[in-house]
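Naming follows writing order (A, B, C and D), and every chain is counted from residue 1.
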Amino acid sequence: MLKDKDVVFLWSPEKGDTFLLNLEEGAKLDSRLGVINHNDIIGRSYGDGVRTHLGSMFYILRPNVLEFSRRIKRKTQIIFPKEIGMIIVALGVGPGSKVVECGTGSGSLTAALAHFVGDEGKVYTYDRREEFSLLARRNCEKWNVAHRVEFKVKDIAEGFDERDADALFLDVPTPWDYLRQAKEALSPGSRLGILVPTTNQIEKTLEGLNDHGYVDIQVMELFLRYYKTNAKRIRPEDIMVGHTGYLIFASTVRDIT
Amino acid sequence: MLKDKDVVFLWSPEKGDTFLLNLEEGAKLDSRLGVINHNDIIGRSYGDGVRTHLGSMFYILRPNVLEFSRRIKRKTQIIFPKEIGMIIVALGVGPGSKVVECGTGSGSLTAALAHFVGDEGKVYTYDRREEFSLLARRNCEKWNVAHRVEFKVKDIAEGFDERDADALFLDVPTPWDYLRQAKEALSPGSRLGILVPTTNQIEKTLEGLNDHGYVDIQVMELFLRYYKTNAKRIRPEDIMVGHTGYLIFASTVRDIT
Amino acid sequence: MLKDKDVVFLWSPEKGDTFLLNLEEGAKLDSRLGVINHNDIIGRSYGDGVRTHLGSMFYILRPNVLEFSRRIKRKTQIIFPKEIGMIIVALGVGPGSKVVECGTGSGSLTAALAHFVGDEGKVYTYDRREEFSLLARRNCEKWNVAHRVEFKVKDIAEGFDERDADALFLDVPTPWDYLRQAKEALSPGSRLGILVPTTNQIEKTLEGLNDHGYVDIQVMELFLRYYKTNAKRIRPEDIMVGHTGYLIFASTVRDIT
Amino acid sequence: MLKDKDVVFLWSPEKGDTFLLNLEEGAKLDSRLGVINHNDIIGRSYGDGVRTHLGSMFYILRPNVLEFSRRIKRKTQIIFPKEIGMIIVALGVGPGSKVVECGTGSGSLTAALAHFVGDEGKVYTYDRREEFSLLARRNCEKWNVAHRVEFKVKDIAEGFDERDADALFLDVPTPWDYLRQAKEALSPGSRLGILVPTTNQIEKTLEGLNDHGYVDIQVMELFLRYYKTNAKRIRPEDIMVGHTGYLIFASTVRDIT
């Protein structure tokens, strides 16, 4: 039974409109199909329908990471679901993982990582700008995973506080400047992930990874193409995202002395 | 410190050769760069190097789901890492999730799901063919997640044994034949995922999803393009995977009576 | 030296704005960077610059098929340059070719075909709707190739008037209804090209092509991804066209009697 | 009626095997389906069938640029049909065009350009290595377009011999070294096309184009995905070409003095 603070995903069969909502007693949601009272959802269950004051139906669905990261409140470029899935899989993140991340940004990856590490895991996320750290914390609170995250406002040039991290992710403009720090924070044999938007950054990052002795380096990009869902006219959407960023993965090893 | 039964991922700086290994005391690995004794790895740590009898170095890296699902012992078409990442994210799978899957096949998705649900979660996987169920179990045992999986040899036309599943995945030739059964097994408001290789199957699946009252239907495909890792000659690989399958996602709702 | 009726392509170094223009004595072009008098272009040469009344520069470039087909005046979905290039190449169109096309639509492919067949070639284009035929003729006149085209307002269910065509292209909603007619019009051993937007149409087209004895059938789709042109930040554009249509090619053969 | 020296494209309905052939009296073609005597084709027509000595049928189809450029005898990396189509369209090549190209390589683009410029046009192609020039000439002879081409063995660092070219294409490792020479050869307001395989080369090329005052610069890449042609199982081919090269286009303008 749904209660205050629960997260619901609303979907309209009429127009396909969607909302991701933190339930709050007494609150109202405005939509172009009419107003929905949160109180009309509280006490109901996932899978039920709720009507706006104009009579339009919305279905109450379970939220998922894909919708959450797409709809996050943002002040920065976010990391998209297609990349998030690959990052989780390629970094080997899972229940109990200890993951370090920089920068926090709006927290789309932070929240996803916190979802996947579970209550036994931990996410340590760094950003130099306090406003982003606060925004990301609020976003993680909405998703009820903020307790699994340590938000740090700090310049990683000084190094990470953690050692023996299971995975580390860099989403910063000059990742090549922090490869020594990343290596110190990672458990040997573990994976570093990096997202960069330009090929010039791939070049400098690859040079840095080689200089710092990273191994099993992989560079990739993902395309996601949605299709229209009319069974009689199956075809891709006219417009698609052409680029978000390039993903780079590499493993640390012990220095041979 | 690595011990018997641990999983390691070996990577050669010389040729980029890789192996995913379950350590076994006394066992040997044959490679084109020479023989590696498992005993030379046992007692070492991730991040260390180990040499073949011919002197070639392999690094001992932590395994991850990406490499595991790519290298799984298979008798069937497997589900690939790029789809696995999206499936996990779009189905909202995470620690504690109760996930149902059919067919088991070689168990690449089974093992990945079992990895992500953690010890508090559970994966129920169905296949009509006992040989696949056994193969998938062995694959999950290698990855040390078999205890989180119930392997069932059963025709799902009779229905799933589970109710209130958090997510359900169908990788079968005629998913439209099992949409009623899937809906019965899923918790209302939760997501069904489907993989089909052809557009003819998309058509029939979309018709079935509409007939059975599923909502928020999405159809997509993912492309993964690897790049060469020479910093001075950045370019995509000449050849890429052109197609694995189309992913379809939809949510169940309660029937309005 | 540029004169009345010549076609010029204007490009602004300031904002990247572009115009494709038929020069007309005394005419004016309104742009957000100011007004350009056609008379200021007439008498100049390609490669020169011309200034708006506000002092902004536009360069006078040679037009090409790519820009023309992108910028054509349209009342219908047009065929895009990436498909036009492949169609020309796969149909073997060239100087002297005799090409049949249906439907005419806004004439983007008509004009491109007329460009490539030269003065020794001929394009026969069919459309049931006179308004499209007229629009396409005006577009071809702008490109100075209308004299190479016969515009026919006619239902191709009754068959094409031509025989021994070197190539034939169908851009109609139900191409499978006209495969007999296409075969009659084509020279044996020559190629038919088809554009369809949905996979359901691919299915019916392939069935029809097999029924009518076409051989060497090929189905393909093309993706075109533009990159930003800042040398220090090389990356694809954020948004790209996700779909225009599927191209199908097949050859006719003589019926064995 | 087919005669000595004609080009035919053979296609087997049995296995999809294909051959591009210059007919030669008395010659034989070996295939895994048996031997075909050229004399059995001479005197027949396009669209007819011919049988191997083992009774397998091949259809005699009209050749096209797509198949020719794919099947060209090569000693170098060739330019592929998907790029050729875009190059022709973006450079505005057509009947009567005067086109300059470097390097000649195996002549796949040379032959395609020669096809499209017709008997009123001309292609001037440069390569430093005589063996490529000779190979390309033989390839163009097979396609019966060699009379439209001037093959030059010369280093373009010294400049091109031509002035007022309608279009110029560079397929060389360091195109940025020849941008002055290209500008001198091109008619003002006309287009330069460049193919480079790496992003590092895009970077240097963009810098050079800006330094030399080129305008309307465009960078793009094309993907071509083939589909299987079974109407009941429509799906892309498993494997596709992931990369051939990046296309860069830019226009020359008159220097303002």
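To be clear about the criterion, contacts are C-beta pairs under 8 Å (C-beta built on N, C-alpha and C of every residue); 3 or more make two chains touch, one makes a residue touch a chain.
Remember, predicted model here, so these are calculated numbers, not experimental data.
S.K.: So which of B-D, A-D or A-B matches C-D, with over half of the contact pairs the same residue numbers?
M.R.: Going through B-D, A-D or A-B one by one, only A-B repeats the C-D interface.
S.K.: Does B-C or A-B have more contacting C-beta pairs?
M.R.: A-B
S.K.: Averaged over CA atoms, how far is the centre of chain A from the centre of chain C? Could you give it in whole Å?
M.R.: 43
S.K.: Can you compute the centre-to-centre distance for chain A and chain B, using the mean CA position of each chain? Integer Å is fine.
M.R.: Centre separation, chain A to chain B: 21 Å.
S.K.: Residue numbers in chain A touching 2 or more other chains?
M.R.: Touching at least two other chains: 199-200, 202-203, 225-226, 232, 234.
S.K.: Within their complex, state which residues of chain C touch chain D.
M.R.: The touching residues are 11, 13, 16, 18, 45-49, 59-66, 69, 81-82, 84-92, 94-96, 112, 115-120, 166, 187-191, 199, 202-204, 206-207, 210, 215-232, 234, 246, 251-254, 256.
S.K.: Inside the complex, what are the residues of chain A that reach chain D?
M.R.: 199-200, 202-203
S.K.: Mind pulling up the chain C residues that touch chain A in the complex?
M.R.: Within the complex, chain C touches chain A at residues 197-200, 225-226, 232-244.
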